[in-house]
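Letters A, B, C and D mark the chains as written, and numbering starts fresh at 1 in each.
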Amino acid sequence: MSDALLSVEGLEAGYGEVQVLWGISFQARRSALTTLVGANGAGKTTTLRAVVGALRPSGGRVLFNGEDVTRLPAHAKAARGLVLVPEGRQLFAEMTVAENLEMGGYSKRASRSFAVHLERCFTLFPRLAERRRQRAGTLSGGEQQMLAIARGLMSDPEILMVDELSLGLAPVVLHQLFETLKLLRDDGLTIVLVEQNVHLAFALSDHAYVVAEGKLFTDGPPEALADMPEIRRAYLGL
Amino acid sequence: MTAILEVQEVGKSFGGVRAVDRLSFVIEEREILGLIGPNGAGKSTLFNLINGVFRPDAGRVRFCGADITGASPHRVARLGLARTHQIVQPLEAMTVLENCAVGACFGRENLPRARAQEAAREAAVFVGLEDRLDTPAAQLTIAGKKRLELARALAAQPLLLLLDEVLAGLNPTEVERMIGVIRRLRERGITILIIEHLMQAIMSLSDRIVVLNYGKRLAEGTPASVANDPQVIEAYLGDPALARELAGKTRA
Amino acid sequence: MSLFGIIASIIDGVLVGSVYGLAAMGLTLIWGVMDVVNLTHGSMIVAGMFALYLLTSVLGITPYATLLPVLVGGFLVGLALYWIAVHRMIGRAPLMSLLSTFSVNLVLIGLGTAVWGTVLFNVPVSFPGVTWQRYTFPGTHLLAAALTAVIAACLYVFLYRTRLGKAIRAVAGNRQAAELMGIPTTRVLALAFALGVALAGVSGMLIATLFPFTLLSGDAYQLKSFVVIVLGGLGNPTGALLGGIALGLLEGLVTPFIPVSWTLVIEFALFVTVLIAFPRGVFALRRS
Amino acid sequence: MLRRPFFWVIALVVAVFAAAPAIGNNVELRESLVLATVYITLATNLNVVLGYAGYVNFGSIVFFGLGGYLCVYLMGAPAWPLPVALFAAGAAVSLLALVFGLGILRLRGAYFALATIGVNEGVEAFVENFTPFGGSSGLYLPVTMFKPLGGPMAALWIVYFLLVAIMGASLYLSYAVKRSKFGLGLLAIGQNEDAAQVLGVPTRRYKALAYSLTAFLPALAGGLYFFKSAFIQPSDAFDLTFSTEAIVIIMLGGQGTVTGPALGAYLYEELRGWLLTSDTFSNFQLVIAGSLLLIIVLFLPGGLMGWLYGRWPRLRSLLE
């Protein structure tokens, strides 16, 4: 895959003395939706955190747009368009919806076209426009997830990584959010998804990676993976 | 059979959100009851309501016939109800043995320090931590910490054990081992309430399963009946129809 | 004492209390943003007092013109302190940041006493007061309260209306998420700490226009700041101002009736009681 | 108990403290060791709450000061004999600590630390206004007070030996607590209070008990210390610097270790003695203490013993 926007090679990372990632590798193609799946605790979230720099990798490389960004701090990566919508939303609960979005567009790069992005977010999520003055902590779970994604979009991402989109969401809301992701992808945005709802994730993915024990187990087109019985059982929980 | 734990109409809200909503169920002695449901369904909250970390807004919890609603966690532990945490809570600077000794000292047997050492060692060996007895807990791997959680709970000689995702984060071999450990626990006469996402594991371990969704009971029954329940498939396993629909749109 | 006397005493208490509130704002801002109890707070207040003394008596600057240099100097000192004593403590056990800032406080007070000793200083500041009935409100008190109001308003506008101020609030709310949004959180933390120290310095400078002071006065005002932020809710600058006014009100209310020396006892009793009963502060309405 | 090496370490320390000035009737040495016994007593007791249970108490001096006040007061107007007054003071302070403890130990982390400062300052402010305690001018004891102990000369020796005994008792207490079930509970609280409670540790009771228990010996030390000087005033009795130094000592020696506070106290005393006699540094005592603390916090958070145990783990099993 020569048109990989993001290329992760042999990434190693962990918490304190506990190593979680043992040399994981994957690539995200431009304008495609790539999914990482695997059992709870396999290291998917850790992978995303290490990629964006929220966690310092102890080994391996992260190439973004051909540039080695492995050692950059998270805010510098975000400022280049490598953006993570973290697990559990992580909103600024005491701040309003509008302020949360404004923080999303904090970096110099993103603030240049702030108005355009805000417009796009409010078009994608009219609910947020209605509630722009409301504090983020008072939103419903679905609205919070919308805000989390919208805030990520405000960062003008070249690649948007979304961790556990479905966490605690009702199926209807989930459906809507997946539709939005699909829209964004079709619009040309590169997306990396970590998701426990394998059915939904696979339905949308262009390519999927199976992660196990902090390493890459296998990868391929989602249909092919879903057809492999040993993968279904051991890693997908199907 | 007699009920060891009765949860009656228990409810708990956080800032207007009903985490657990008038939930009732019973665990019989020496049973393994599985508790499943989507993330955020209220499973861990339920554990916290049972062992006294949270006080229920409504309803009662009875353990071995005694009303333990709103009793503080240390009293519940003393009565013989032990638990593990989904996010491991090791006493980091203390060794594996010391961690287990805390469980033994302040558990059901209320052992003096000298005798607790024995119980602690036994529990640590039981879960397979025999060669890490003097390792500070902070230096264990995730799997090791998960095991430590279990060992600490076991050292308390509990009558009822609440297991919160002890299999999460373990590799398939470790999962097999842990399942073996849990089976042997039941043989020792311990009743188990287990939260787990690994469907294979929980289906094979549990005698009965309760499915939670939005803090309410969605279904209850044998593993087989629950797995075939369309409601459960939609809420927890993912809706195949929805999945197919999305797939159609994408690939069209 | 007449009713007018009591009212006058209360008003004066509020005037002085607002300056306590200003001091507490600095402390509470730092606490709220980075979970650090800045125990150099007292020595920073004293630094503000001595800055006023030195600038007026040695360089001959008019007292209120020292406000800007104190603000800027405090900010720079705060930046230095952040990198020396605070940066490495972020995210560690609270004991560690308590001890590190505490040790810097020891060093500063130690250096100060070695140079100036512990004698009483007094900066003569005069400003026409306002007379009401038989009671005169000193001009220094009125001006200090007015300046406090201006600074507090500026801080509010900064935190709630500017991009950088909002970034500070974002970092306070969720540092990890802020970092992921492209906010350079370490720089923001340093900025917030420096701002908190600058506020402490300015409040010290204003207090020095009201009362005489020694090098060891910092402790007393630091404790007052604790009382104030416990009243106002930790990490809540607006609450701190309210807490300061409440404390001033209390002082004004009790001084006509009981010996001044008992006010300290009442304040500390209040402090511990409020801390136990409302750990989030009496005026902490915003935090859920 | 007798087979534990640490028991003999304590016995040795006590013996050296008792014998060193007694041999040759060295009054000067005795007076310099008085402060060391007080420091070790304060730091060792504080360490049980701070090092084991993880609660930072900035105002631990309040026990010392109150013990001093009660003892001096009871020996004054009511004219109680020293042992009775001393014991009554210790008991009363422990009880008071229990009551305070049940209140403020509900707070955690920095909140608790602030409350302890508040308690100390509040008590000091109260005593300054409390006429039976002489207000801000303090209380004096008449010289005749030393008579029952065989006159001032003998009395000072007796007080010294008692202080050494209290120091020894403190060390033993710290050691016994660490090896006990109670100590295990406190250590668990210090590591993760919520997890400890779930494991069955009665956290609230244990914390209050530890707070109260470690108030007793410092109160006795305070009683003896101020009996010895026959004078007490608020600014001496509740001097926050004293508490501060106790914390520096604990951090220097190694928080949570049994031997650390004693070692730290000894080193700190040595350093202080050297600084006070040095012309260059006599004015910079606080500066040195502060710098020392900062260096420890930044680069050696486990203190000396923590560092030693890290290098030679076997030492820990020998001494702890």
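Keep in mind that, in the parts below, contacts are C-beta pairs under 8 Å (C-beta built on N, C-alpha and C of every residue); 3 or more make two chains touch, one makes a residue touch a chain.
Since we're looking at a predicted model, the values are computed, not measured.
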Between chain B and chain C, the fewest steps along chains that touch one another: 2
Farthest chain (mean CA position) relative to chain B: C
Result of counting contacting C-beta pairs for C-D and A-C, higher pair: C-D
Rounded Å distance, chain A centre to chain B centre (Cα mean): 30
Between chain C and chain A, distance of the C-alpha-averaged centres to the nearest whole Å: 42
Cα-centroid distance, chain C relative to chain D, in whole angstrom: 32
Chain A and chain D, separation of their C-alpha mean positions in angstrom: 54
For chain C, residues that touch 2 or more chains besides their own: 288
Chain C partner contacts - residues on chain D that touch it in the complex: 50, 54, 56, 58, 103-104, 106-107, 109-111, 113-115, 117-119, 121-122, 125-126, 128-129, 136, 240, 244, 247-248, 251, 283-294, 297-298, 301
Residues of chain B that touch chain D when the two form their complex: 51, 53, 72-74, 77-78, 82-83, 85, 89-94, 98, 101-103, 105-107, 112-113, 116, 152, 156
Residue numbers on chain A that touch chain C, as the complex places them: 52, 54, 73-76, 78-79, 83-84, 86, 90-95, 99, 102-104, 106-107, 110, 137, 151, 155
In the complex with chain D, residue positions of chain C that touch it: 31, 35, 37, 84-85, 88-89, 93-96, 98-100, 102-111, 113-114, 219, 223, 226-227, 230, 259, 261-262, 264-265, 268-269, 271-272, 275-276, 279
Chain A-touching residues of chain C, taken from the complex the two chains share: 163, 166-167, 169-170, 172-174, 176-185, 286-288
